[in-house]
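Following are the structures in question.
You will see two complexes here that share subunit A, one where it goes with subunit B and one where it goes with subunit C.
Coming up: the complex of A and B.
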């Protein structure tokens, strides 16, 4: 009789341990699931950030915009206003056949701060809306960069430099 | 025999605990050693540099600017205005903004005008994007030990102390007759 009771107690003990073990495993799985969910979200944000960075770099060094003078080195962080004034037309004309491959779904704006305050919308391609009519994108990552706006179209012998910024928004 | 078995079971238990602790520490290390996003670092450093280089190149197109012989001029903020500010800093006082300087824009001393314009430009860009920054221009004279702050410090959001994760534009040195001008812009989150 005593042996039987002893055996039952041991059995209960084993069941309790196995139960606790499974509870621990369940907690582990839940923790891992939550962690993976956050990690995937962070990875998506990082990928979007990288795309924003790539688009910014591509735009800053676009031959259609950058300040050049003959065979001399192009000027860093500088857009030629003469090129910029005509870029809007060029970008719109070749949006789907050329620029979409470069920038994908994004919006590129150049804003003049000084001396004027003109806005140049160079590229704007938003993700098409979903079938239910809701917006096609869930996140928008803006990146700003200050640029010099070089104007050679003036009466002075030397070029004038304005102050502005470029705003690049990429959609995911 | 029973004692031996018990000891074995205890050792297995200990090993499991050690493995669990090691796994926990690995997770913690992963979080602790996580680097800042590449984009954040690139943007901050690039932004500090591009802002400073654009500021230095900006041409003042104000119709009220006069230079030599009181003629209308279009001086560059870095090369002309800051150089003039350094040369005529001794005449300048905040309480007397229209004191003598070669370049006069809106009738103000070049140091005063540069300070005002830089403040406005930075506020309309970095300020609008909720960035914290400190901008200052220092003059290092040969006969003085300490550099003299001739423009700024222009600060927003408490500035960027050393304790904060910050990036600097670089010094953008300018050699003038008055001494060496060093301008820098600190940017932090």
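Coming up: the complex of A and C.
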């Protein structure tokens, strides 16, 4: 009787050890899962930030927009309004077959501040909505950069410089 | 007697317990061993999985960072960037370009970066501690794209011949690169470099089925390549095969560029691994040219409208004749139209790309005339 009780106690002890072991493993897995979830989220945010910077850099130096004067060096952070006014048409016409590869899911806007206040939407491609109709993107990272806007189409034929800013929003 | 019997019973039952205890003990140990082995295997498996995941993650991180560096280097044209990659000294970076799609990443790892827009000219493989990045603007005649050159400190360039002064220009513009001017192929010594590229500017030192310089025979075949310039901006690519030069291109490759210093397309030919990589990346530039022409056509129309609406602006000028097709021989609209038609064909048949040069020259001249002779607004 005593031996039987002894055996039962040992069995309970073994079950308890196995139970605790699996509970510990479960805790470990849960902790690891949570850690990975946070790490992936942080990584995605970092990648989105990098993409925003890369897209800004690419846009500022686009041959489609930059101010040039013959063989001279292009003017930094300057957009030629005579090109800018027509770039939207070209970007839209070749959005899926070319410019998407350059800008991915993003919205690029040039906002004139002086002398006018015109807004030029150069590129706009959002992530397609999900099957349930909700938005396809969860986060967007805006980046702003001040640019000069050169307009030669005036009666004085001078390079009239205005200024504005470029707003680049990338979607994750 | 009874006592004896009970003693015997006790003895036998004690033996039974003994045996049962022995079996239980043995079973317990086997059980512990199996369970221990399974747990150990689980953790060993986990470690291997983590190792593979960490390598994948490293490869991903590296290519992402490289992509950002490349973007920065590409837009900062004419600037050389020396990137310390000593942490990646054991890894081989690979670069390919096929059917208009470039890929770069760590050799043998997945997740390479794919790029269909930016032309990147580099050897097929780089294994180094110092990466060299350089970019030059490609103009035809307006700026089309920044061409990116990727090489390393242990990729040695041997410059043979003068090439009408190009040898000196190349040597001077590639300061701190691993390059040397030589007058004789026998002077070629690869030393401890990872790979070598011979630049034959005269087209006489490297010929098909000719013996490669003796000291290069120790290097692996794919680590020895050559480019040979023939007449009027044509090049042939060679690689070492059984100590002989083997030409990799069937027909000479034409360098499509306007004359001038720092000829981006010519430099690209030197840094490109072979003819396929060169043409694949040049095609990206021509595709961009196609879209840029559309924007410049619109700009030309706006300039034309500007002068039509304000005739007083060209009282003593001759602006419209430099723009309109019916005007001077070299005019903006005519040159842009020719460029547009030729680039469309060139994208499908690379042999037609050479025809881009004439309208590009015409456009360049028309733009100069517009500014200098006409004192008018220029196209670019």
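The criterion applied here is as follows: the second predicted complex is superposed on the first by the 132 of 172 C-alpha atoms of A that agree within 3 Å, B and C clash if a C-alpha of one lies under 4 Å from a C-alpha of the other, contacts with A are read in each partner's own complex, and residues count from 1 in each chain.
Everything below uses one rule, namely that a contact is a pair of C-beta atoms (placed from the backbone, for glycine too) under 8 Å apart; a residue touches a chain by one contact, two chains touch by 3 or more.
Just so you know, these numbers come straight off a predicted model, no measurement behind them.
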item: Which superposed partner A:76 touches (first subunit B, second subunit C, both, neither); value: first
item: Partner chain in contact with A:162 - subunit B first, subunit C second, else both or neither; value: first
item: Which of subunit B and subunit C A:145 touches, first, second, both or neither; value: first
item: Touched partner set for A:121, first subunit B, second subunit C, both or neither; value: neither
item: First (subunit B), second (subunit C), both or neither touched by A:53; value: both
item: Which of subunit B and subunit C A:113 touches, first, second, both or neither; value: first
item: Subunit A positions touched by subunit B in one structure and by subunit C in the second; value: 50, 53
item: Interface residues, subunit A side, partner subunit B - complex; value: 35, 45-46, 49-50, 52-53, 56, 76-78, 113-115, 143-148, 156, 159-165
item: In the complex with subunit A, residue positions of subunit C that touch it; value: 64, 67-68, 71-72, 75, 115-117, 142-146, 287-288, 291-292, 294-296, 298-299, 302-303, 306, 310, 313, 367-368, 371, 376-378, 380
item: Complex contacts: residues of subunit A adjacent to subunit C; value: 47, 50, 53-54, 57-58, 60-61, 63-64, 66, 68-70, 74, 80, 82-83, 85-87, 89-90, 93-94, 98, 101-102, 152-153, 155, 157
item: In the complex, subunit B residues that touch subunit A; value: 27, 37-40, 42-43, 46-47, 49-51, 53-55, 57-59, 61-62, 74, 76, 117, 121, 124-125, 129
